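Shared chain: subunit A. Partners: subunit B in the first complex, subunit C in the second.
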Partner chain A sequence: MDKLNIICVDDQQEVLSAVLQDLQPLAQWLNIEECESADEVLELIEELDAEGEMVAVIISDHVMPGKTGVELLTEIASDHRFIQTRKVLLTGQATHTDTINAINKAGIDHYFEKPWQAEQLIECVRTLVTKYIFDRGLDYTHYQIHLDQNVVFSQLR
Partner chain B sequence: MGGDKNSIMHPYLKVTIPLVVPLLILLAPLSAFPIEGITIVQQRVIAIFFLAALCWVFEPIPIYATSVVIIVLQLLLVSNKGILLFRLDEGQAHFGELLPYNEIMATFASPIIMLFLGGFFLAMAATKYRLDINLARVLLKPFGENPKHVMLGLMLITGIFSMFMSNTATTVMMLSILTPVIAVFGPQDPGKTAFALCIPVAANIGGIGTPIGTPPNAIALKYLTGDNLITFGEWMTFGIPFVAIMMTLAWLLINALFKSEQTKIKINIKSRFLKTPKAIVVYLTFALTIVLWLMGSTHGMNAYTVAMIPVALFSITGIITKEDLKKISWDVLWLVSGGIALGLALDKTGLAQLVVNSIPFAQFSPYMVLFGATLLCLLMANFMSHTATANLLMPIMAALGTSMTSLAPLGGEMTLILTVTFAASLGMSLPISTPPNALAHATGHVQSHQMARVGMVLGVVGVLLSFVMVWILNIAGYIR
Partner chain C sequence: MCKRKLEPLIERYFNHQERHLMVKAGSLLIKQDGYNGRLYYVLSGELAGFYSEDDNRPVPVFSASEGAFIGVHSFFSGTWTASSTVVAQTDAELAWIERHTSVVESEEYGSLSAQFMPVIVNELSRRQRRATREALAKERALQELYTAEQMTTLGQLAAGLAHELNNAISVVNSKSKRLQTVIMELLAESHPKMSLFFEQGLIQGQQISSSEARKRGKLFEKSYNLPKDLARKLARAMPAGNDKANVNEPWLKQPEQTIRFWQIGRDLHDLRLAAHHTIGIVKSVKQLGRTDINLDEALNINDSVIQALALLQSDLRRVSVQFDPEELPVFTGSQTELIQVWVNILKNACDAMVDTESPEIDIHTRYNKNRILVTIANNGPEIDEVTRRQIFQPNFTTKKCGLSFGLGLGLSIVKRIVAAYGGNVAVKSDSERTIFRIKLPAGDEHGQA
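Take a look at the complex of A and B:
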């Protein structure tokens, strides 16, 4: 069974730890990676891809030194290797224009405003990973018990 | 499904056992086999059979991949166009007869496969043009809002659909209708369990109703030829009453074990019958195919020929497009092909007959053989794929049925094959038993032990009921 990767990126260590803490219940079937900048993410996904690993979801902050979250996600959205990777923006400081770009250019799948609810974040990741599994044509039965069942049903129909 | 199985056994053993055992069989000298007159070709078939059985039990590779391995190994090792090195002794008595390569390849397109392909086309078209969901909506209406009655309605619809669609597809459809309904139940309401569990149970039972209801039925049909021929309609004349009785029992049992606290339940399906020309073609073709199947051979066509009609009609009209074609469950078709190839090799090399003859079955009580075979099948079907179970057991049962004369008063080959086939569908006590069970378990509303309780009772009762059924068929003079 392939281990799927979730990448969380935030320049503030406290926020990053809080996200990781909240996602802990998913750690038994997903590999959760942490990054502190957009460049670190790009380096990491390059490495993961070279090893044949899959990046299912990226949860990104927006305002970060260097590349912003929307820029990062836009770059990933246009990379054919990560075309199926699902993208989540988790931010408190995105402007109106940033948000428009996040939807139109980065094609994000979900937008969370800080502070977020742990429960909702977990459900969102679960749903997105389930969609990723079907998009990639992976054998869903290997992860069945962990998946979002509504997505499973709609995909199997 | 595989997740639970992986933990039972060390992953290392899971791969080595299915590799080492067949290899030992392949390398052993002929004299090591306690069977008089065994040939090299037959020895290789034994090795392939063990490889298949162990791979289907331990699942080191997907079950359909095992089928492909069977077919390819047969082509390489026991076909007349196999590797030269393995054909050097050809013509010598102890070597045995090689199989024609084209017959092995033809298992990919055997009539049984075509029957299923036709079934897939019907099911795909029905889903695409929402015939299934609309029928479910209309059929569910008369059952009102009493949870008990609604459950009966859901089970009946699931049962009927799974006779023509795959059990998995039916379960997916019904569970997706049900999920929003169960969500409003109280957190501790046993009704949640009842509703989530009734669907896979009904789907598993419903599959017994027709030859295309579930792959084991079609595999059985492969061996019911000549004097034992059963047509599509004939199968239904005993299959449907059996399903009806089992369904009633299952409904009573689930209701007794898990009483719903909800007094009213409303299932709202948002959908309307499509009235486009294509949708009408789907309705008519569906009806026509089923009527032709039910008419038996009065029109000269058998079930296999009839199955090709929807394939042609839906392709011509663009109802099934080339994109839809890619979504056909080729894995299921290949899984069955592998079983047919295995049966072909066992039969054509004379191995099945040789093994059956070398075991003194005549001294065994026919009742013991019948009960033993059926219980073995039920047990296997609980732990592994129903189709793989049928793939392994059916060729042996066919050989046993024809050669064991003491079975004749009980109905001979047909009795043995039918009870074993029904048992294959009744293995449903674990989440890993069938894909419908796994889907229901993954909803989180059904615990494994709850599924086990219902599944075991229904499995044993169902097997006993199948004995009663063949006994009645025998008395009625239907089984020759």
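Take a look at the complex of A and C:
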């Protein structure tokens, strides 16, 4: 079975490593990538796509030098190769307008405020990856024990 | 009042040499609440009226020059009592009539008060206008006071919040230091071989960027035949320069173990870093909210700039900031006020550069000819000339909409503070750069501790 990719992006390394550590329980069945800027994410997804890998979820900070999280997610949302990729904004300082753009333009699936709770983050990623697997028509049985069972049931009904 | 209309009246009553009077500059014409039986007409010179209450400092209430009447109220109200004190400001020539002056051509023009009706009405409306003007000025002053009070309240709230946060973060800071010592001691006893990795993480933190870690991880995967996940973790942890290490490299003997201890060290490192950072911010906020502004602190301007930058860390996240400080003499003033100056200018720059492609701020400090010069430049949009002219005025703002509205006080505060130190602030702007220059006097009167 292929390991699906999760990408986390935050310009502060301490924050990034904390997110990564919290997501460790998922590492046994998902490949978790880290990036320190939006441009690094764009480069990485190019690379992954070229190798035929799939990006299931991107978790992005908002305020970063260069492109912001909302800009990054908007760009990815309009790329047909990543149309099914699920998007999460994890931020402490998005304004009202940023948030509206995140929903309307980037089509984010979930919004987390810093500080986040590890369990909630894990559950959210689990749910989103499950949805991604069904959206892509992948064989869910390969991952079954790790998936969000509620989503699985509702998909199978 | 239409002067032409009054000409015949002036001609009839104020054209008699025996009722003309010369007054010297500074001499008293009428005393407030004293008897005044005359109506004066100013032929030349300048006079001023003052009003004082309960022996307080007299307040100027009017000035009268050529063509003006003095004593209209006391003359026509029939009280014969002056409402203000009138003093000649220059040598002046006056003409007058008094209560016993006979009425000219009363058959044709009516009584004295009828003839002087336009003068009386004019005096009334002048007083009315003055009252309106004063009511407006008072309203404005109250409004400013109210805003200033709001700012003070906000400042005090922020200081209170900072105090609470300070206690909390001090606990985090000291307990993480303590944990660090305890873990080090424990490791020395139980896993002496692992101390090295813990300390590496603790002292250096993670020094490798995410993209480097990705590349290095792939390399380790191949050369050491490790699973992907482990190779990546090792790539983050191992100090740079060990890439071609042999299998005897201590990091590779028990990679799971070494990484585990390195991570504990790195986490403590990050914890300490975050606590340190928080302490800095809290300190700056406390500075800003202080009400006891001490004007004779010996301080370093460069430090105040650094504190301001720390305060604005989150606004500056997307901006590339260059700070080029020169060694400066000690400046005597208030740290709080100076931080306020830099924060206001920098915050404005951040707000202005919201739509700027790659926003930059350059800060220079220089010392030349007993003057400290601070230049803050940004590559945001040009400030047009109309805006530039009003930019330092209170209540002027370009931020009217949205959540991040402005009070229009920022730059007027900057100007007030800088001026109080005998310095000045200027703005220059074109399509490429907007530059604020602040000059502060150093040396004899200011500083050189």
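Simple rule for what comes next: the second predicted complex is superposed on the first by the 157 of 157 C-alpha atoms of A that agree within 3 Å, B and C clash if a C-alpha of one lies under 4 Å from a C-alpha of the other, contacts with A are read in each partner's own complex, and residues count from 1 in each chain.
Here, contacts are C-beta pairs under 8 Å (C-beta built on N, C-alpha and C of every residue); 3 or more make two chains touch, one makes a residue touch a chain.
Please read all numbers here as calculations on a predicted model, not as lab measurements.
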Should the pairing of subunit B and subunit C on subunit A count as a clash or a fit in the superposition? fit
Return the chain, subunit B or subunit C, that is in touch with more residues of subunit A. C
When the two structures are overlaid on chain A, which partner does A:L16 contact: first (subunit B), second (subunit C), both, or neither? second
Touched partner set for A:H96, first subunit B, second subunit C, both or neither: second
In the superposed arrangement, which partner chain does A:T141 touch: subunit B (first), subunit C (second), both, or neither? first
Would you check which partner chain A:R157 touches, where first means subunit B only, second means subunit C only, and both and neither mean what they say? first
Contacts of A:I83 with subunit B and subunit C, given as first, second, both or neither: neither
Between the C-alpha centres of subunit B and subunit C, what angle is opened at the C-alpha centre of subunit A, expressed to the nearest 10°? 160
Mind working out whether A:E40 is in touch with subunit B, subunit C, both or neither, as first, second, both or neither? second
Least Cα-Cα separation in the three-chain superposition, subunit B to subunit C, whole Å, stands at 17
Taking the complex as given, what residues does subunit A use to touch subunit C? 11, 13-14, 16-18, 21, 27, 31, 33-36, 40, 43-44, 63-66, 68, 93, 95-97
Residue numbers of subunit C touching subunit A in their complex, please. 205-206, 209-211, 213-214, 228-229, 263, 266-267, 270, 273-274, 314, 317-320, 358, 402-404
Subunit B residues touching subunit A in their complex are 1-3, 6, 62, 127, 168-169, 172-173, 175-176, 179, 435, 438-439, 441-444
Residues of subunit A touching subunit B in their complex? 1, 139, 141-145, 147, 149-150, 152-154, 156-157
